[in-house]
Every structure is written in structure tokens, then in C-alpha cells.
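Next come two complexes built around chain A: one with chain B, the other with chain C.
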Partner chain A sequence: MKAFLRLCGWEVRHLRRDRQAWLVCGALLAAAVVAIWTGERRLARNHAEIAALPGHYATHLEAIAKQFTPQGDSGYIAYSTFFPTHHAMTPLAGLAVGVRDLVPNVIWVRLLGLEGQLYEADLGNPGIQALGNFDLAFVLCALAPLALLVLVHDALTRERESGRFPLLAAQGGSVAALLAARIGVRGLAVALTSSVVFGFACVRLNVPLTTESLGWLAAAWVHLAAWAGIAALVAVVARTPAASLAVALTVWVVQVVLLPALLNLGLATALPVREGLELTVRQRQEIHSAWDKPRGETMDKFFVQNPDWSGTPPVTGRFVWKWYYAMHQVGDESVAAESNAYRENLRARQRITARLAWLVPSAYAQLLFSQRAGSDLDAHLAYLDRVRAFHAEMRTYFYPMVFAERNLTPAAYAAFPQFRANVPPPPAPLPLWPLLILAAGSAALATRHLRGPTL
Partner chain B sequence: MLPIARHTFTELSRDGRFRLNAALLVVLSVVAGLAGWQQVRALRAEAAAAAAGERGRWLDQGNKNTHSAAHYGVYAFKEPRPLAVVDPGVQAYLGSTVYLEAHKQNEPLYRPAQDGTALQRFGDLSPALVGQALLPLLVILLGFAAFAGERERGTLRQLLALGVRPVDLLLGKALGFTAALALVLAPLALLGIAAAAALAPAGQRTDELLRALAWAAAYAVYLGAFLFLTLAVSALARSPRTALVVLLAFWLVGVVALPRALSDFGRTLHPTPSSIAFRTELEAALGDPHGRETLEAQRVAILKQYGVTKTQDLPVNWSGIALQFGEERANGLFDRFYQNLWSTLVAQDRIFQLGALLSPAPALQLVSQALAGNDTAQHFAFLTQAEHHRREMQRTLNGALRDSKGSTAAFEWGKIPPFVFNPPPLTTALAPLLPSLGFLLAWFAVTALVALASLRRLRA
Partner chain C sequence: MHAILTIARAEWRMHVRRRGFWLLLALFAVLVVTAAGLNRTRQVRERTQQQGYQQLVRAQWEGQPDRHPHRVAHYGSFAFKPPGPLAAYDPGVESFSGRVQYLEAHRQNAANFPAASELSSAFRLGELSLAFVLQTVLPLIVIILGCRTFVDERESGRFRLLAAQGIAPRTLALGKLVGLAAATTPFLTLGLGAALAVTWTDPAFRSDSEAATRVGVIAAALALHTLAWLGLTIWISARLRTAATACAALVSLWLLGSVLVPRLAAVVAEARHPLPDKSSFAAAVTAETKKQGDSHNPNDPSFARFRTETLARYGVQRVEDLPVNYAALVMAYGEGLSADAFARHFAALGATMEAQTTVLNRAALAAPFLAFRALSGAAAGTDLRAQLQFQREAEAYRFFFVQKLNELHRDEIRMENDRGQKIPAARWKTFADFRADPLPVRESLAGHSVTWFALALWAGLPLAALARRKGWAA
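Presenting the complex of A and B:
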């Protein structure tokens, strides 16, 4: 143990004099600063958008009040009012965008059928979105492993080339210990650089000290540990420095570029999700066909699911608001099963991705980061669930008035239901142990390779 | 020169590492291409089925009020382009469906990317990804030692002493590498040509085939630039290791990091307006009381024209006129607002285009997407055509409503033609790309010149 610590001390001194190492860590730092800066801007835009919501809503209500002064039909007022819902980015989402720039941050809902209102996208530039983001998660998932590989890929080949190997072996030193000390010290340097960067990001973006932010840091370390194991394998398999560089690069390209892309492709081919469109088309069909049916038929369908309202007077005449809303709700209910299946399908995608990513540390780390930042698909689905709950609340609030055909004065608008953004914590955070097992497994393989007859 | 080329090629074709890497890349791109093929066919079948269903429902509306039908609306679908097989471009990031209804220009719906996990930000595997990111890497790995390695082994001095001209050495090696790389690029090109031939509708086949050929040519120019760059660095570098490190750093920054950074940079410089701000302003403009006043003036003028005092006494149905008036007023506003929005997106794209000053990758990405028919501009063409269809549809329906006074006959729903997207032809698609094409060719020319200039260092 003492000998190992002495080795580590020697490695630290060696590292401090290594210009290349300083350069690599400096480049990583610079990339991270750029990523944090863009993350800061992105968060500021999201928060400004959400901060502007009450203002927009107030203006909107004023316009409605003007239209319905002194009073108006509650059904017509509910029809005209859009209610804002929002999904604020957590500070960590500035560091791991995940899917947040593809899905809406704000959805305005009306008392009409909900299914058609959930899948609209924010305005965005498809060409720019397709390129991905330069966020801190990208720096940590893709660039930090590369920095580590650059620093340690020739840990053994250089010794072998300079002829110090036999010397070391003669002194009774263990090659494995040397490799462990070198990779340990250099991996620590990269990990510390990443941690400094993360600390800086936390200060700039006001990231609170929570289990999520600590989990982020832990994920960054564990991810690098997995890569250190892979780097050890790279270091032991190659014979010359040039070969070890080629191997390191190949491993990086396969792990960071190819396998994640292959996972995506496989998943999109194996689990295609296209129900969103069918849902809306069918729901719309249901709603519009109701115009041509006897009113009573739609009402009866509605009463089956919502018996509380069956005592209200029957619908007569061509247009009554309660019939209109019943028709919309029947439209929603007719696609409820498909809607559930659609969401279940999306969640299955997420689960299977996480399982398949066990062997692709960068992909797994990306999932870890975006989950802890609340910027993954699950977080968006949870937001849509909150919108659903809010929409149900709207129905509970307005139906008694609509079914009693009551009028409303603008003074009553203040009591309208409001969306509350109580974001629940993610169900069960993705575990870190798959990466630890990967780290241990590759380290063990590397050690076995060292003991083999090849040395 | 030719013997050098032959020698370089033979050496490469015997090199196990080259054969392994090349085979791997070819297999990957073919697998990705076939998966893409499958997806294009599935998406097309779905779009066709959905469009047929929509059409059937539309024609089967019976004796319905034409304005109710206008509210019921139709969905316009965009079928995937054949060359999505080689470069899906922005396909997953844009909606392939627009809902066309009365009074409203809608945003496209259902972007497949919205249903993806956070992993998709790594990019999708496609022949384009192989060509844009991995083939340059292959070029670097093959060529970094071309001169630096010979110098280290001392064979360079021998060759020059034998009287071999440096220019012949450069061109010979370049030719040899090109022949080897052509073996890898050819399957990609064939994939594109096959997709264009098999998947394009009859009327667009020539256009798509030209696109496929131009697509392959663009990648050849791009890889040529990387080849000359690699040879130049190899001639200038003191050791093969230095050459490799310099080239890899360029690849990492120029191909991997830069496009993402430009994406964020573009959005920061030209932020996309938030949906609410956009909609609130649009709705405020639509609800402007001025609209109601001009409509009233119109009503008075028409009453005067027919010499009556009440709209009920008009020989035509006033609501048809009023609705069409509202449509036309709104159309002017939609044009103004969407032009504004799109010009922001174009400004973001321009930042990306300027990134070609630093690396050939952004230029190739834009050219490749556009040739495949999957860039933002051709997406806008779909939206523009869909919106045009919507306006024509409203005009016809409102006209029928106007003339329906006293008649109980059902509207002939077939009078509204089905929506068909006509993709812009190659020349139109290429027009906005001239800067990118220029950048791409400039990269090729400049790297070739630098490679020639670097030959002076060979004798040193």
C-alpha cells in the first residue's frame, strides 16, 4: 500500500510537469465554460417565457371581460378562455437540455377536448434542433472521456517503448500497480476538472445543493470511473504508442458516436411510436361526427362515464354548451385507451433505452444527467400528466355552472382554477451501479490481460 | 505519379486495419440505409393511408354546411423524401402533418423527435453521419503518416534522391488514397441512387436521381478536402504523432463540437420568439377592431350595390362574403407574422452557414440535407403549399356558401382537390445553398493549394 502511494505521489509530480495534460484539462475547461454560458442563456429564456405568463393571462382575461361585460354565458366564457400551464426548467436542465428544446415549455389549454391540445410543439428551427446541443452534459459525456483517453492511452506503451519496463519488473514493481496509479491520478485530474466546472456552473446558474445536484456530481464521477476502466483496457491491449492512440480513438468513436446512434436507430425501428397523430385524428372525428347525431345520443354516452350530471334537464334545440362540452369529453374518452397505450409505449422506450445503455457509459450518463435535471422524456410525460390533472380540475370547476347554464360576471374570473407547478421528484432515479460494475469489470479484464503471457 | 498511386493503393488494400475499418463503415452505412429505407416506406404507407382516410371522410360529408366542413378541415401530409434513406436531415424534427381549417394557419404537428429519449441528442445513425463524421476520420487515420511516416523511416529522402518530383509524390498518393476511399464511398452513393430510382414517384425520378448524384459528389469533394488537409499536415509535421494529434484535434473541433456550438450560438444570437408571445401578438392583430370596421364598410357598400337595406334581402348569402373577408384579412397577418418568424430561423441558419469558415462540415451538412430534400427551406415549401391549399379551400367553400342562397343542394366535396405536396425541384433547392457550395469547393481548393505549398518542406 505504501509503495502504491509512493507511486501515486510520483505520478502526481510527473503530471504537474506534463504540458500536454495541462493543455487537455484547459481545453476541457474552455469547452465547459462555453457550454455553461449557453446553458445560462437557455435558462434565462425559459424563465423569462414563464415569468411573462401571468401578464399574458391577465391581458387575455381583460379582453374576455370586455367581451362579456356585464355578464356572459359561463359556457361561452369557458370556451373563450385559454389557461396557461408551464414546465419550468430546473437549473440543472440548463446543463443537460435533454429533450427540453423539442417539447413545449408552456401549453395553453381550453375546456375543450384535451387530446388535441397536448401535442403541439413550440416554435423552433428544425435544422438547428437536429444538430443537438453543446451543453455541459455533452462536454461531460463525450469530451471528458476523450480527455481521459488522451491522457492515459499510452500509459504502458510509452514505458515499453522507452525500455523502462524490464527495469520496473526487475525492481519487483507491479505493472498493474503502476497502471492503476497512473490512470487513477490522471482520471482524478479529469474528474477534478469536471467537478470544478460543475461547481462553477452551480454558482452561475444558482443550482441548489439537493440530492439531484449531488447525484449529478456522483454520476459525473462514476461515468469517469467507467471510462477509466475502459482506458485501462485500451492501455493494456496496444503494443505501441501509435497503436494505443488508434485503439483509444476507435473505442471513443464507437462508444460516443456509433453505439448511441445505433441504439436510437434500433429503438426507432423496433418500437415505432406514431399514435399521437391517430389519436388526434380519431378524437376530432368523434367530436365532429357528433354534430350530425341526435343530441341525446351524445349526452347518453357522456352520462355513462359521468353519471353525476345525468340529473340535469335534457338538451333541446340546436346548440347548448353542456352538450358541446359533453361531446368534447366523449371524444377524449373514446381515445382514452389509445392515449394510455401511447404514453405507455413512450415510457417503455425510455426504460428499454436505459437498460440497453448499461454497456454504453456515455449514453447512460446522458440519461442520468437528463433524468436528474428533469429534462428527459419521463419528466415531459409527467408534465403532460399535470396538464391532464389541471384540465380535469377545470372541468370540475366549470361543469356545475355550464350544466346549470349560469351566467358569470368578470368579477368571478379571479376564482378560475390556476395551474400549480408542483413538480414531483422523479419516481426512482436511475441507479449508478451499472457504471460501477462496468468500471470494475473492465479493470478486472485489464488486470487479467496484464498477467497473461503476453507481457 | 501513377506508379506511386498504384503503390499507395496496393499498400492500403493489403492493410488489414484499412480493410477492417472500411468494411465496418460500409456495413454500418448499409444497415443504417436499409433501416432508413424501411422507415421511409413505413412512413409513406402511413401518410398515404391517413391521407386516403381523410379524403374519404371529406368526400362523404353529405349535405353539410360548407362552413362546418371548413371547421372540420383536413390534414395535409408530407410523404418522406426518397433520399431520407441517405440523409434524413431535419425530418424527425419537423412535423409532417398540418391541420388545415377555417380562420387559422396552424403549426405542423407530430415531430417524431418529440417522442424520442434524451439519447437522440447524440444523433441518428445514417449514411450521412458515416460520411460526415466517420469517413473524414478514416481519411485521417489512413493518411496522417503519408509523408511524416516516410520521413521518419528515411524512405522519403531516398525517393527524393531518386529524382521523384514532390508534386508527383503528392498527386500519386492522393490518387491512391482516392481510389481506396472510392471503394468505401461507392456503396453510399449506390444506396442514394437506388433509393432515388426505387422510391421516387415517376414524375420526380430524374430530379431525385440528379440529387443522388450531386449528393455523392458533395461527399467526394468534402473527403477530398480532408485528404489534402491530411497530406498537407503530414508533410508539415515533424513526426507522424504530431500530424495525427493536429488532425484529430481539427476533426474533433470542426466535425464534432462546432456544429453543436453553432446551433446554440445561432439560437442565442437570434432567439426564436416564444410561442405565447407569437400567438398573443398574432391574436391581438387578428382581433383588432379595425377589422370589424372595414367589414361593416364592406357590408354597407354591398347593400348599396344591390340596392337593399338588409343583408337578408341580398340575393347572395352574406355570411359567405363576411367569412371570406375575414379569411383574406387574416391571411395578410399570417403572411406578415410567419415571414417574420421564418426570417429569424433563416438568420439562425446563416450563423451555421458561416461556421463553414472554420470547418467544411457545416457546409457539407447543409448541402447534404438540401440535396436529400430534408432541409429547413424545403420544409417551409411544404408549409407554404399546405397554407396555399388551405386558403384556396376556404375561398371555394366560402364562395359556395355565398352562392348557396335559396339552394338546398349539397356541396360537391370533390371540388376541393386533395392536397399533394410538390417538392421544389433541384435548382430551386440549390439556390439558397450557393454560399455553402462555394465554401465546400473553397475548402477543397484551399487545402489542395496548402498541400502543394507544403511540399517545399519535404526536402527540409
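Presenting the complex of A and C:
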């Protein structure tokens, strides 16, 4: 143990004089600073968008008040009013954008059928989105492993080249110790750089000290540990520095570029999600066909799911608002199965990705980061569920007025329901242990490889 | 010339004798076949699905019973975005834009369900398409094959031997370039062959009148881009002392060019040309539309002038005396105004996005990958411009059928008991169906001179450096 510590001391001294190591860590630092800056901008944008909502809503209500002065039919007012809902980014989401740049942060809903209102794309430039984000998660998942590989790939090949390797090997066991010390010290340097960067980001973006933010840091360390194991494998299999560099870069390209892309494409191909389009088309047909049917038929369908209203007088005449809303709600109810299947399929995709990513540490770390930042697909689906709940609240609020055919004056608008962003606690976090197993497994493989005939 | 060919032949032989070469080729083949197979499956399914839904929606449209025309305008229609003609080769930005747009009176809805928002957050370093393989992986293959070729000559001392035989360094360099190009050819053929195979078997591609031009543009861009990496590889290999540094330098360049610069350029583009958020965009359009009044209300004061003019045009005193339905006239007038307001704002939005794209295209001067990507997406009909074109077409179709319904409303529905009347169902068949035509290649490629220039520059500079007579250290 003492000998190992002495070895580590040597490595630390060696590292301090290594210009390349300073350069690599400096580059990582610079990339991280850019990433934090972009995260800051994205957060500011998201918060500004949400902060502007009350203003937009007030202008909107003003216009409605103008249209319905001195008073108006509650059904028609509800038809005209859009209600804002929002999904604020947590500070950590500035560091791991996840899918948050693809999905809307704000959805305006009105009392009509909900299913047609939930799935609009945000106003983004797809050409920019396709390039991916320069966020801290990208720096930690893609660039930090590269930095580590560049620093340690020649841990042994350098010794081989200088001819010291047989000497080391003859001393029994010390090759493994040397490798461990070298990778440990250099890995620690990268991990510390990452931690410093994360600390800086926390200060800059006001990230509170919570289990999520600590979990983030832990994920960054465990991810690097997995890569340290992989780096050990790289270091033992090659014979010359040029070869170990080539192996290291190949491993990086396969692990960071090709496998995640393959994972996404494979999943999108193997698990197609068709229900979204299906429910969109079905819902419109269901709603609008009600115009050509006897009013009572739609009302009866509505009463099956909403028996509380079944005592209301029958609909006569061409148009009554309560029938109109019943028709929209029946439309929603008729595609409930597709809607559930749609969400269930998306969640299944998430689960399968997480499982397959056990062998692709960078992809897994990305999931860890975005989940803890509340920026993954699950977080968006949870937001859609909150919009659903709010829409139900709107129905509960407006139906008594609509069914009673009450008129509303603009003074009554102040009591309209408002979306409250009570974000529920995130689901059980993805475990860190798959990465630890990967780290231990590759370290064990590397050691075994060393014991074999390696001279 | 003869010497160049001899050296090239020697270089080629050296590559094909290596076991690593065949291993690499086998791995590349697996990658290409996987990417081709998965993309073809996905795109064909996507196209079939989109066309299927478009037909279903058409059948639903024609199957409508007798209805009031404004009822039909609210029933509306859908525009489904089919994949671009070469999407199986290069899906471009299609996964990131909406696939279906609901078209109805008075409202311009955004497109729904972008495919990328239906995937987990496993990160986006490009979709594994054949275009991605040719844009990103092929340069790496060139680097792996060639980074040590010149350094080896130096390290083994053969360089001096050749120099003593009167072989100029640039002859050696050009010979090696030709040899490396020959060694790259199997990879290139494999990738291009797979690309042709997946697109050729796609009926949408064969029915496209500009298919040959599209392939030609992509092939030209591919040739220039690959040439750029061949030249760079030989040049850097000739400049640096050890194989490891040459390899490291080239891979750093690759990393900068295909990962870092594009993402940084995207950051710069967004910072310099920020897009409005959706609520602000919608609020701006509404504010402008609201100024024009409520077209559902024929007595709206904002439409007073329109009424005076209309009455004057028909030479009558009262709305009731008009030979046509005045409510429909107002509706059509209002639809025109709101569509106009939207079109202006949407054009501004599109212009901002195009400005962002221009920043990316300029960044191609520092990263040839961006140039190849832009040209490939444009030729494949899967870039931003194609998406914007689809949205414009969808809006034009929406405006067309809504206004045609307003005409029916005007001419065939009396103003008295307006909402109680209907138009016979046979009329719905007379409406043209929505068609999403790909943008002509000429328009897709307009304004791409900077990208061509960037590619030509990257291909030309290393070649020029290699062809120089002087400046070679022994």
C-alpha cells in the first residue's frame, strides 16, 4: 500500500510537469465555460418566456373583455380564452438541456378537446437543433472521456517504447500498480477539473445544494470511473504509443459517436410510435362527426363518462355550448386509449434506452444528467400530465356555468383557474451502479490481460 | 507522372496487404449495411404512413355529408409531411421538425410530433444515416489509413533513399495521395453504393424528375469533401515528426470540424439571430389580426369601410339587398387579412432561421463538414428550407380551401337563416387535394456559393501545398 502511495506521489509530480496534461485540462475547462455560458443563456430565455406569460395573458383577457362587454355567454368566453401553462427549467437543466430545446416550455390550452393541443413542436430551427447542444452534459459525457483517454492511453506503451517495460514486468505486480497509479492520478485530475467546473456552474446558475445536484456530481465521477476502466483496457492492449492512441480514439468514436446514434436509430426503427398521428386524426373525426348526429346521441355518450351532468335538460335547437363542449370531451375520451398508448410507448422507449445504455457509459451518463436535471422525456411527459390536470380543472370550473348558460362580466375573469407549476418529485433516479460495474469489469479485464503473456 | 503512379501503386499494395485494412473495411461494411437497412426501413415506413394518413384524411374530406361551408372550414384538413426524396440517405433535419399540421379556418397551427422529441435524451451527435457515415466516419477512415504514411517513410529512412534517387518530395506526396485515394475507394464505393441502393428502391426517388441532379450534387460534394481529407492527411503526415502526433493532429482537426465547430457555430447563430418564443410570436400575430376586427361579426366597426365599399361596388344601399351573402364576404376579407399578417410574421421567422443557417454556412470555412452537410441536406430535400417550404405549402393549401369555402358560402348560402343551410356533399370532391412537392433543386441550392467555396477551399489548399516545389524539409 505504501509503495502504491509512493507511486502515486511520483505520478502527481510527473503530471504537474506534463505540459500536455495542462493543455488538455485547460481545453476541457474552456469548453466547459462556453457550455455554462450557453446554459445560462438558455435558462434566461426560458425564464423570460415564462415571465412574459402574465403580460400576454392580460392582453389576451383585455381583448376578450372588449369583445364581451358588458357581458357575454360563459360558453363563448371559454371558447375564446386560451390559458397559459408553463414548464420552467431547473438550474440543472441549463447544464443538461436534454430534450428541452425540442419540446415546448409553454403550452396554451383552451376548453376544447385537449388531445389536439398538446403536441405542437416549439418554434425552433431544426437545422440548429439537429447539431445538438453545447451544454455541460455534452462536455462531461463526450469531451471529458476524450481528455482522459488522451492523458492515459500511453500509460504502458510509453514504457514499452522506452524499453523500461520488461524491467517493470519482471518486478511482478508492479505493472498493474503503475497502471492503476497512473490512471488513478490522471483520472483524478480530469475528475477534479470536472468538479471545479461544476462548482463554478453551480455558483453561476444558482444551483441549490440538493440530492439532485449532488447526484449530478456523483454521476460525473462514476461516469469517469467507467471510462478509467475502459482506458485501462486501451492501455494494456496496444504495443506502441501510436497504436494505443489509435485504439483510444477508435473506442471513443464508437462509444461516444456511433453507439448512441445506433441506439437512437435502432429504437426509433424497432419501436415505432404511431399513436400520435392516429389520435390526432381520430379525434378530429370524432369531434366533428357529432355535428351531423342527433344532439342527444353525443350527450348520452358524454353522460356515460360524466354522470354528474346527466340530470341536465335535453339539448334542443341547433347550437348550445354545453353540447359543444360535450362533443369535444367525447372526442378526447374516444382517443384516450391511443393517448395512453402513445405515452406508454414513449416511456417504454426511455426504459429500454436506459437498459441498453448500460454498455454505453456516455449515453447512460447523459440519461443520468438529464433525468436529475428534469430535462428528459419523462419530465416532459410529466409536464403534459400537469397540463391534463389543469385542463380537467378548467372543465370543472367552467362546466357549471356553461351548463347553466350563465353570462359573465369581465370582472369574473379574475377568478378563472390558473396553472400552478407544482412540479412533483422526480421518479426514482436511475442507479449509478451499472457504471460502477462497467468500471470494475473493465479494470478486471485489463488486469487479467496484464497477467497473460504480455511481453 | 510515371513516378507518381509507381508510388501510388506501392502505397495501394501496402494498404491492401495490411490485415487492419480489411478489418476496417469489414467494420465499415457492417456500419454501412446497418445504417442503410435501418434508415430504409424507417423512411419507407414513415412515407407509407404519411401517405396513408393523407389519403385517409382525403377520404374523410370527400366523405363529409351535406354541411354548411363554414362548418367544413372548421372541420379543416391535415397536411402530412412526407420524407424528402433522398431522406433514406440523408434525413437531414426532418426528425426535428413537425410531421403533421392541422389546417383550419382563422388559425395557423404549428406542426406537431417532431420525431426527435419522441426519443430519449441519449445525446445527439448526429443520426446514424448514410450521409452521416460519409460526412463523419469516412474522414476518420482516411485519417486512420493515411496518417502515418509519410511519417513512416521518414522514420524508416526510405525518404532519404528516395530523395537520393531523385524523387522530389512532392512527387512522393502526390503519389501517396493517389495511393491513399485508391485505398479509400472501396469505402467510398460501399457508402455510395448503399446510398444509391436505398434511394433507388424508393419509389418517391424514382418518380422525382430531379433525382439525377440531386445525386450529382451529393456526389460532387462528397468528392470534394473526401479530397479535402485525403489532402489534409497526406499534408499533415508529411509535416509532423511522429505517427502519434500526426494522428493526434488529424483527429483533433476532425473533432473540431465535425463536433466542436458546428456546435459552437450553432451557439453563435442562436445568439446573433435569436428566434422569438412561441407565445411572443403568436401574440404579435394576434395583435395585428385583432386590429383588423372580428370577421365572425359582420357589424364589427373595423369592417365598416369594407361594408361601404362593398355596397358601393354592388350599387345597393343595404346589406340585405346584396345579391350575395355579406357574412361570407366579411369572413373571406378577414381571412385574407389574418393570413397576410401571419405570412409576414412567418416570413420574418423563416428569414431569422435562414440567417442562422447562413452563420452555419459561413462556419463551413472552418469546418468542411458543415459545408458537406448543408449541400447534402439541400440536395436531398431534407434541410431547413425544405421544411419551411412544406409549412408554406400547407398554409397556402389552408388558405385555398378556406377561401373556396367562403366563396361557396357567399354564393350558395342566403344570409337569412345562414347557419341553418347546407351545401350538398358532392361539392367536397371538387376541392383539390393537398400535395407536398419537393422544392426544386435550383431553389434548394440558391445562396450556397459560400458552402461550395468552403469545400473547394478545403479541397484545394492541401493539394496546392503538396504540389509546391519548395518548402519541403528533408
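Things to note:
To be clear about the criterion, the second predicted complex is superposed on the first by the 447 of 455 C-alpha atoms of A that agree within 3 Å, B and C clash if a C-alpha of one lies under 4 Å from a C-alpha of the other, contacts with A are read in each partner's own complex, and residues count from 1 in each chain.
Note that in this section a contact is a pair of C-beta atoms (placed from the backbone, for glycine too) under 8 Å apart; a residue touches a chain by one contact, two chains touch by 3 or more.
Just so it is clear, the model here is predicted, and its values are computed rather than measured.
Within the superposed three-chain model, A:5 lies out of touch with both chain B and chain C [touch as defined at top]. When the two structures are aligned on the shared chain, A:108 is found in touch with chain B and with chain C.
In the superposition on chain A, no contact is made by A:392 with either chain B or chain C. Contacts of A:341 after superposition: neither chain B nor chain C is touched.
Overlap of the chain B and chain C interfaces on chain A comprises residues 31, 34, 38, 41, 45, 49, 52-53, 56, 59-60, 63, 84, 96, 98-99, 102-104, 106, 108, 119-134, 138, 142, 146, 241-242, 245-246, 249, 253, 256-258, 260-265, 267-269, 272-274, 276-277, 280-281, 284-285, 288, 291-292, 346, 349-350, 353, 357, 362-363, 366-367, 370, 375-377. Those residues of chain B that touch chain A in the shared complex are 17, 28, 32, 35, 38-39, 42, 46, 50, 53-54, 57, 64, 68, 72, 75, 89-90, 92-95, 97, 107-125, 129, 133-134, 137, 141, 240-241, 244, 248, 252, 256-257, 259-268, 271-280, 287, 341, 345, 348-349, 352, 365, 369, 375-376, 379. Those residues of chain A that touch chain C in the shared complex are 31, 34, 38, 41, 45, 48-49, 52-53, 56, 59-60, 63, 67, 84, 96, 98-99, 102-106, 108, 116, 119-134, 137-138, 141-142, 146, 150, 241-242, 245-246, 249-250, 253, 256-258, 260-269, 272-274, 276-277, 280-281, 284-285, 288, 291-292, 318-319, 346, 349-350, 353-354, 357, 362-363, 366-367, 370, 375-377, 380. Considering their complex, residues 31, 34, 38, 41-42, 45, 49, 52-53, 56, 59-60, 63, 84, 96-99, 102-104, 106, 108, 119-135, 138, 142-143, 146, 241-242, 245-246, 249, 253, 256-258, 260-265, 267-269, 272-274, 276-278, 280-281, 284-285, 288, 291-292, 346, 349-350, 353, 357, 362-363, 366-367, 370-371, 375-377 of chain A touch chain B. Chain C contributes residues 31, 34-35, 38-39, 41-42, 45, 49, 53, 56-57, 60, 65, 67, 71, 74-76, 78, 80, 92-100, 102, 109-129, 132, 136-137, 140, 144, 148, 242-244, 247-248, 251, 255, 259-260, 262-267, 269-271, 274-283, 286-287, 290, 294, 349, 353, 356-357, 360, 377, 383-384, 387, 419-420 to its touches with chain A in the complex.
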